[in-house]
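In the two complexes that follow, chain A is the common piece, with chain B as its partner first and chain C second.
Coming up: the complex of A and B.
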């Protein structure tokens, strides 16, 4: 009975989680428009865009079966990852969060593979940029997630160890930074890079396939914030349905903050963003690991 | 055409196709897309690939040199696809309508497309030299059914 309740709740929330990114993208576009002193599109604009793409013709690609395979792998693993985050937020079991983050890493890899299968130079260039970003971002995201959850488990709120508290703040900063970079917002939008490589990774896709890819990318944007939110809130208010609702609300708040940051930042040189990011990650992670070790063995 | 228009009218993704213009119309397109004119409020988005587009913004007379590439770009646009012919050149060839190096405006292009079996679901005309950004937005509003068509085609015969 409990299992059925858990599964049905997670599936209902999964549906909400799939629709919410589409609406939030509309909100982001509206925020960007307001910052630029214009009216901007309606909040449901992204939904209109996706519905329109679903009705459009698909221009065939000569390696369609492989492309479909990688796209389906991307979409299914990303949705499965979302499902496991829901389970983690409801139950608080650590292995659900580990499964979720593993599935998320697999989904990012299959997404990176798709553009490399195409012979178009623009798509290939975008794909290679995506690979570089993934090499820099993914390990940082996973390691900072592990460090943040370890610090949270070790932290005793009644008498907090100052070293563990510092390690937690550094790892959470790294987690938030990498979650921003994974979403491909400015200045990390180099894989799509609309100004110079004409949509890069997305260039060759049309109609329903493009709609699926765009939807998966939006869910990816949602997941990275959702993982951070549920990690923090499961610790602060404890697992359960309240935590689930609070995580979704915190995800929405984070999305709005990221949207504002993206709207006020400018684009940077293609090679500069990943290199700087890599250096910052190495510094922050090394610091966080050292401080955590001091906290465990020295404090 | 109405039914096909219904499918795209809330989300109009445009691809800029310069077929040999003097660039003044192209500058006006960019102006229409700036925050000042805010074309995005009508669901307009400039895309980098014809495969993503619903509408091709065609500027300039179609030169013989650009014709094969123009046909390729139109073929690459998934259906339903529409063309907005911009400027005197795009609409009817302008002062280049009968020169040796162009085929004229969008009408001659549509004829060639028909011969090759490439269908276009509708053409909108925005005359002017160059077009004003407001005129381009008017065409977008026309697609969305927000405004009335301003002109109709008439053939005058001189006795």
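Coming up: the complex of A and C.
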């Protein structure tokens, strides 16, 4: 009975969390518009865009079966990842979070592969940029997630170890930074970079295929924040439905903050973004590991 | 400053040394040399006298004197002189030595004269520049015996993208998000580094010079000239009017000249703000883009207040302008300018502090001074590479001699330097308008009666937002006998090859945008595709299936 309840709750939340990114994208467009002194499109505009794309014809690609395969792999693994985060938030079981992170990493890899299958120079260039960014971001995201989880498990709120607290702050900073970079927002939208490579990775896709890809990308944006939110809130308020609701609300808040940051920056150059990020990640992670070790063995 | 007589003697002596003759009319030195001495004379003007090469003009003067002619237009910016180096060409087999070895900037204008007039240039490799590849051989539209409405039946063919196994090819254009007009750049890349560039333009050649010389009157050409460009059209109509007025030696009312200068600066402000917005968009800084275009609306309002139109003002006439500035408009203009300046300074301070804007513009798309000089580039592109030239100061026209202003010059030659030149120029333009409004004299705004004698030559450079516009006019009966237009982008595009080489691909759109290219000014044959079926190109009748 408990399993059925858990599954049905997770699926319901899954449906909500699949639609929510579409609405949040509309909110983001509205926020940007306000910052730029524009009225902007209605909040449901992204939903309208996706529905319209579903009615449009698909430009045939000679390797369509492969493309479909990678896109479906991307969408299904990302939705599965979302499902397991829901389970983690409700139960607090670590293996759910590990499964979610693993599926998320697989989904990102599928997404990175898709543009490399196409002969268009713009898509290929965008794809290569995506690969470079993934090589830098994904390990940083996973390692910082593991470090933050470990720090949280070791932290005793009644008598906190200062070293572990510092290690937690650093790993959370890295986690938030890498989660921002993974969303592909400015200044890290170099794989699309519309004025430079004519929307790069998205250029050759059309109709339903494009709609699927865009939806997957929006869910990806949601998941990276949702993982961060769940990780923190499961520890602070404990797993359960309250935690689930709070995690979704925190995800929405993070989405708004990310939208504001993206609106006030420009696009980084392809050689600058990965190098700068790489240096920052190495520094932060090394610092976080060192401090954590001091916290465990020194304190 | 050399003595005026000494300077003029220098040019007279040059003509004598070359076995030619010279005459001086106002601010223009006319030098005629035999064609075998053309290269030597051009080289001396460009390399020794350090004159600025602007453009060359091929003319079918057979109905006048039995010859074709080629006139190379130089300007002596230090002494405020136009130097026209002309040679006559035998009509049976029109050949003339090319000056490109001495003056590389003459490459395009020579090939344009070859396409449109059939003048062959010896000592260089010829290629088709303006006319499409399938255009009939021996048909040269600018010759006087070719009617303006003659339409050869030709079939349009697609030009293929180059294929190479050594490097990747990235086609930019004819349609690309970073290009707002149909042009084609082929970037050869190794990884993300551009190793070479090929350019193909003139997709939208409109044959306006032929129209101006055949179907229109002197006054009508003003309105055609203004339609050369959707951004800096007033610069073109002013340049044309000033060239005709100079040829006819008309004494245009001073108040009209003040109004021209004021509106020219309004146009510069809106153009530079438009460019800044585009540059920020290319840099991914869309918030800067939106806010710059928001404050640009104030300038569009000013344009409407002063001329009655937001764009394509239509107030220029030979002999003056059609619209006056009264006290109410003057006060309103000053008020709007004050608000604009305050908003602009605040906005630009924020925009330039965005790390990606500075990092990406800095050190990219570098055009060294030597290359800029060699290619005779114009406007902010030249001034960002350390070339201190500005026709408003060097070759004063309209009412600029009554205004005090600084010409911003940077030496880095990169995208940031070109951005900063425009940023500084905006402030100067606002100051110029304030000064001119303060000093505007009373009086008429239009010459009521005047005559334009035939066979006179007038040449004018007007400093448009992108650099010097050049209009060359030989007066005819009721209309120009010859009207040559050269927009600054025509001089600046060849420099892109230098600027794009060995640069990251990601910076290519910004570097292309950094010269503020205006392809409609540069191109002048309209191709309209319909349903992608069989296509027939006609010179003025568009495309028929």
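Definition applied: the second predicted complex is superposed on the first by the 299 of 299 C-alpha atoms of A that agree within 3 Å, B and C clash if a C-alpha of one lies under 4 Å from a C-alpha of the other, contacts with A are read in each partner's own complex, and residues count from 1 in each chain.
Assume a contact is a pair of C-beta atoms (placed from the backbone, for glycine too) under 8 Å apart; a residue touches a chain by one contact, two chains touch by 3 or more.
Quick caveat, the model's predicted, so the values are computed rather than measured.
A.B. asks: Just to be sure I read the superposition right, which of the two partners does A:150 touch: chain B = first, chain C = second, or both, or neither?
C.D. replies: neither
A.B. asks: In the overlaid three-chain picture, which partner chain does A:205 touch, first (chain B) or second (chain C), both, or neither?
C.D. replies: first
A.B. asks: Considering only the touch criterion stated at the top, classify A:187 as touching first (chain B), second (chain C), both, or neither.
C.D. replies: Second partner only, chain C.
A.B. asks: With both complexes overlaid on chain A, does A:49 touch chain B (first), chain C (second), both or neither?
C.D. replies: first
A.B. asks: Scan A:58 for contacts with chain B and chain C and give back first, second, both or neither.
C.D. replies: first
A.B. asks: So, does A:263 touch the first partner chain B, the second partner chain C, both, or neither?
C.D. replies: In the superposed model, A:263 contacts chain C only, not chain B.
A.B. asks: Applying the document's definition of touch, where does A:9 land relative to chain B and chain C: first, second, both, or neither?
C.D. replies: neither
A.B. asks: First (chain B), second (chain C), both or neither: which does A:36 touch?
C.D. replies: Both partners, chain B and chain C.
A.B. asks: Identify the residues of chain A that lie in both the chain B contact region and the chain C contact region.
C.D. replies: Touching chain B and chain C on chain A: residues 36-38, 194, 197-199.
A.B. asks: Can you list the chain C residues touching chain A in their complex?
C.D. replies: Contacts found on chain C: 168-171, 176-178, 192, 280-288, 290-291, 294, 354-357, 359-360, 504-509.
A.B. asks: What residues of chain A sit close enough to touch chain B in their complex?
C.D. replies: My answer: residues 29, 33, 36-42, 45, 48-49, 51-52, 55-59, 194, 197-199, 202-207, 210.
A.B. asks: Applying the document's contact rule, which stretches of chain A touch chain C when the two form their complex?
C.D. replies: That would be residues 32, 35-38, 121-122, 125, 186-187, 189-190, 193-199, 263-272 of chain A.
A.B. asks: Taking the touch rule as given, give the residues of chain B at its contact with chain A in the complex, in rising order.
C.D. replies: 7-8, 10-11, 13, 35-36, 38, 40-41, 43, 45, 47-49, 51-52, 54, 76, 78-80
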